[in-house]
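Across the two complexes that follow, subunit A remains constant while its partner is subunit B and subsequently subunit C.
For the complex of A and B:
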């Protein structure tokens, strides 16, 4: 187990360095200039040169890269060129609202997706199955920003149940949850559709296997077959998908944050990209990548707990 | 929409039986009732980026700064007249080169940064003039020779030569906003997001991508606001913002652009939609140093080819105004006398192109990927194609657009100069040689410097207006810049907002606002 964890940690490090390197060069490959962004339409050549020198942008890119790596190794991800605050601190400040949205969204996704998938599998071919799969197809097909706008029009405008703004600075947990509910539903339902389809196919595969047939022949109650014997085996691919969809839902979260005017990592990184705030983008990508890699590593370890065969490999 | 709608109850929930989250929504009661506090909530379309007057630009930044800072003088929000602010009065020497301002006593800086004195004025102006500051507005104060502080309540500004428009340069906007020597020195690099002023509101906090909060300054010299605080919420989507305004989650909707949303809010109960011409036109700036664009006949042909009225009536559904030059009617120096007009006349355009012997002309409009600038040029390109110009539109993301434009290597670009009602703001920016790239004079026009200097030397308002009038005539004959439409700013507010005045600066200022029933 220790060797397994060590291997995961090594992979994590390599993945992070790789991701940050790609982000570093991609940001510099796109046209645009942070100094121009900061100085705006009335920038003079002289003011631009002064600012570029101050930001270290006058150095060759490879030199900037090694300066960045050396500092990052010491935990210094630089300072946001826009605000002058440490980049990592700004990113950390954006983590709580994003984490709240991601956790709430994934909760909705799992709570809705897994049972729907099971029901569709058990009633394969029935109207319920077709209905659930149609809804799931819709959930996957409709872009999340469109679903978000429809949700605002329905639940905020027509019914007045949820606020149109997905965040509030007013104190109070209930108030915060109330603002979070609609964005979490919208984010969660798109992932739930995916999980429902996968749970259905995994369940169908397991339900068709010999040991289930034997259990049925031996008169084991159907409820026990579905929930005890089949679900546990079907959960392994579903867990894997939860890991993958977490990364995918981070992309969707940016859109959800924009539609519902929520603060968070998505809007912070998007704004940083538009402003060519290199340090902030790098810090954001690093934190996001670390979150995805750590989550997937955690899930790898969880598979081991669920399926002893994986531990022996 | 009905503002007195019933709070959600079980009957309504029944409509949505089965939908996840309904119980959660009901559990927290009605979310949409107006708050009982004296917090004003204003919608912003995009985030702020910096609040240091030496480097400030963009409407959202300027809107926030307008609440925090004062100038020696200020624009009256209603009339654009220049009226006292931190200076109670001023005198000008007979030769027009020495301006002496008497300062308002007993004014203090926010957050215990001490008393406001003439030394702060001297520091503020010299800071903009210092090349090390890298201020965007150094050129605005180019006529300043020296700033003196003979006593704490007197400032004397000595100019190199008379400048009839000098008060505009020290008006409360951009470089005219005054900063505290002590605050700027002590706060250092982090000043841009920790601003200290003397205005009616103090900066409290900024949550990136989400909101900015200002709190009322109890010691404000003009009397403390009846509001406790103002929250500027960033809501990018206009439809979502309109619903939030109707639901009383917001009080003021700033930067309303979409004709659909404007119509919607005009019909909504309890919502007031205001509009005002702003100080800027939106222009197609032609690079007069390349290809057929060097020929004035080609530029005039383009002006005749573009159906700008159809653009305003059709695309913008009447939410913009016609532009006759790059000055709008909000400027006191605005004039149409003798300024040539270019009617929509495709035949005349074709004839001018034939006369100039131009055929197979490939023309590219570079524009920024922001609404509406990424869409309306398509209609203009289509108009140009009708007269035989092979026009295309290149839409760039903002960062790439700014870089392309400042390189000067674009055939044409869409440019708007949003600023104060100081005619130098658009005219120097678009026509003076000192604004050649990376500045916004991407047409590389070079025939305006003498006329701009003449306007500055004029000793009275009439002389000043006449000089600017000559410049407008000449530039509309030469057409390095094609004014497409005059901008118009829409702002909507809810029923509890009282005393709101819309300015023409394209900013929002809620200093005089109070909340009814709060």
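For the complex of A and C:
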């Protein structure tokens, strides 16, 4: 177990270095100059040169890279060129609202997707099945920002049930949840659709197996067969996909945050990219990547718990 | 004495009707009018090629699938047509063992939980079930300590023992064994067959033993039924069937069983059916075996009224008349052939 966790940690490190490297060079590949952005169009060449030197931007890119890596290893991801605050601290401040959105979205996705997939599988070929699969197809096909806008038009504008703004400065958990509901539903829908389709096919496969036939022959109640015996086996592939879709929904979360004017990692990183705020973007990418890798590692550990065949490795 | 299991005119059709864009789907008559009885404590071997409908028949008997026609009575009670609740009440008395010892055990449950499942499903207390599990593991030749292991930690033969322990957990009167040893090594096959015989001797359970291999069935069966394209074509007490088979299909199946003595194996006559098993979606007219029947060709060559069919001259009844399962030879020996007395 210790060896397994050590191996996971090593993998995590390699993944993070790789991701940070890609993020570093991608940012440098985007045309634009942070010094120019900070000083404005009318800055003198002299002032620009001084600022570039102070930010280390006058070094060759490969040198900048190693300086960055060396500092990152010590937990220093630099200072935001726009605000002057440490980049990591600024990113951390944006994590809680994003985490709330991601967790709420995934909760919606699992709570809606898994039961719908099961019902579709049990009623294979029926109108219920066709209906669920059509909705799921829509959920996967429509882009999340469009769904977000439609949701605002319907639930905020026409029906007035949920606020159009995805966040509030007013205190109170209920208030916050009320604002979170619509963004979470929108974010959850696309993932729910995906999970529903996957759960359905996994359930159909398990329900066709002999051990389910045996359970029926033994007179095990159908409810237990579907919701316990079959579901436990069907959840193994579904769990794998939840890990993958989490990364995917982080990308969608950026769009959802934009549509609902919600603060969070998405809007912070988006603003940083526009301002060529290299340090902030790198810190943001690092945090996002670490979240995805850590989550998937956690799910790997969970497999062992739910699938006894994977335990003795 | 009334029979434990009575099957009458059982039929199962799959498919038929039309597909989405109006193309007619062929109707498959997987089980096409089968009747037989099984006494308490008896073993009926059911033999047939792949596609003969033997597994479908096994599932129909337990009503795991709904029959299209016909009826099944078990311990004097209707199985076909009764409500789900009534059927569930009968489930403990009739159980099943499947061929694939890998697919038939839930990979997420321990062996103990798998064997306990039928008992807890029918209301036995957990502690009582756990005690029974230990006893059952011992009865099928496994150690009670193995209850905590998962299916993937067992060999194929051990897995099949777990499947058998589960099937006999509720002390059933009938167990349908659907090719219980086909997936196992020959040496393990023998162990499992002996285990089944021992269980039967102790508990008086009746077996419907489905197999594609006459050799395996011979060791365990009191009577043997041979299936071909959804019908029983011959049914007889074991020794009668192996000693003096009446149906040409049975004759050819028996000639395909290898003999352990190479000298005899090399010299014995071999009677092979012509071509492959037919399709249950397009059954031949008359006797369903006539396109492949070597005997029909011999009988036709000797004279009598013949017609042209399946690329040969065949006796008219074989092509035009569906033979019924009728007494042939001894009283308990039934065969569905127009010429059961031909050699």
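The criterion applied here is as follows: the second predicted complex is superposed on the first by the 312 of 313 C-alpha atoms of A that agree within 3 Å, B and C clash if a C-alpha of one lies under 4 Å from a C-alpha of the other, contacts with A are read in each partner's own complex, and residues count from 1 in each chain.
FYI, a contact is a pair of C-beta atoms (placed from the backbone, for glycine too) under 8 Å apart; a residue touches a chain by one contact, two chains touch by 3 or more.
The structure presented is a predicted model; accordingly, all values stated were derived computationally and were not measured.
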{"item": "Subunit C versus subunit B on the shared subunit A, clash or fit after superposition", "value": "fit"}
{"item": "Angular separation of subunit B and subunit C about subunit A, which is computed from CA centres of the superposed model and rounded to the nearest 10 °", "value": "150"}
{"item": "Contacts of A:178 with subunit B and subunit C, given as first, second, both or neither", "value": "first"}
{"item": "Partner chain in contact with A:248 - subunit B first, subunit C second, else both or neither", "value": "neither"}
{"item": "Subunit B versus subunit C as contact partner of A:65, first or second or both or neither", "value": "neither"}
{"item": "Contacts of A:267 with subunit B and subunit C, given as first, second, both or neither", "value": "first"}
{"item": "Partner chain(s) touched by A:161 [first = subunit B, second = subunit C, both, neither]", "value": "first"}
{"item": "Touch count on subunit A, higher of subunit B and subunit C", "value": "B"}
{"item": "Partner chain in contact with A:229 - subunit B first, subunit C second, else both or neither", "value": "second"}
{"item": "Three-chain overlay, closest Cα atoms of subunit B and subunit C, distance in Å", "value": "31"}
{"item": "Partner subunit A, residues of subunit B touching it in the complex", "value": "1, 5, 7-8, 12, 15-16, 20-22, 24-28, 30-32, 47, 49-50, 55, 57-58, 131-132, 134-139, 189-190, 192-193, 207-211, 213, 231, 233-237, 239-241, 243-244, 246-247, 249-250, 396-400, 402-404, 406, 417, 429, 438-440"}
{"item": "Residues of subunit A that touch subunit C when the two form their complex", "value": "209-211, 213-221, 224, 229, 232-233, 306-309"}
{"item": "Residues of subunit A that touch subunit B when the two form their complex", "value": "30-33, 36-48, 50-51, 82-85, 90, 93-94, 97, 108, 112, 149, 152-153, 155-157, 159-165, 167, 169, 174-175, 177-179, 181-182, 184-185, 189, 257-264, 267-268, 270-271, 274-276"}
{"item": "Residues of subunit C defined as touching subunit A within the complex", "value": "59, 62, 64, 87-92, 94-96, 98-100, 103-110, 117-118, 121-122, 150, 152, 163, 166, 170"}
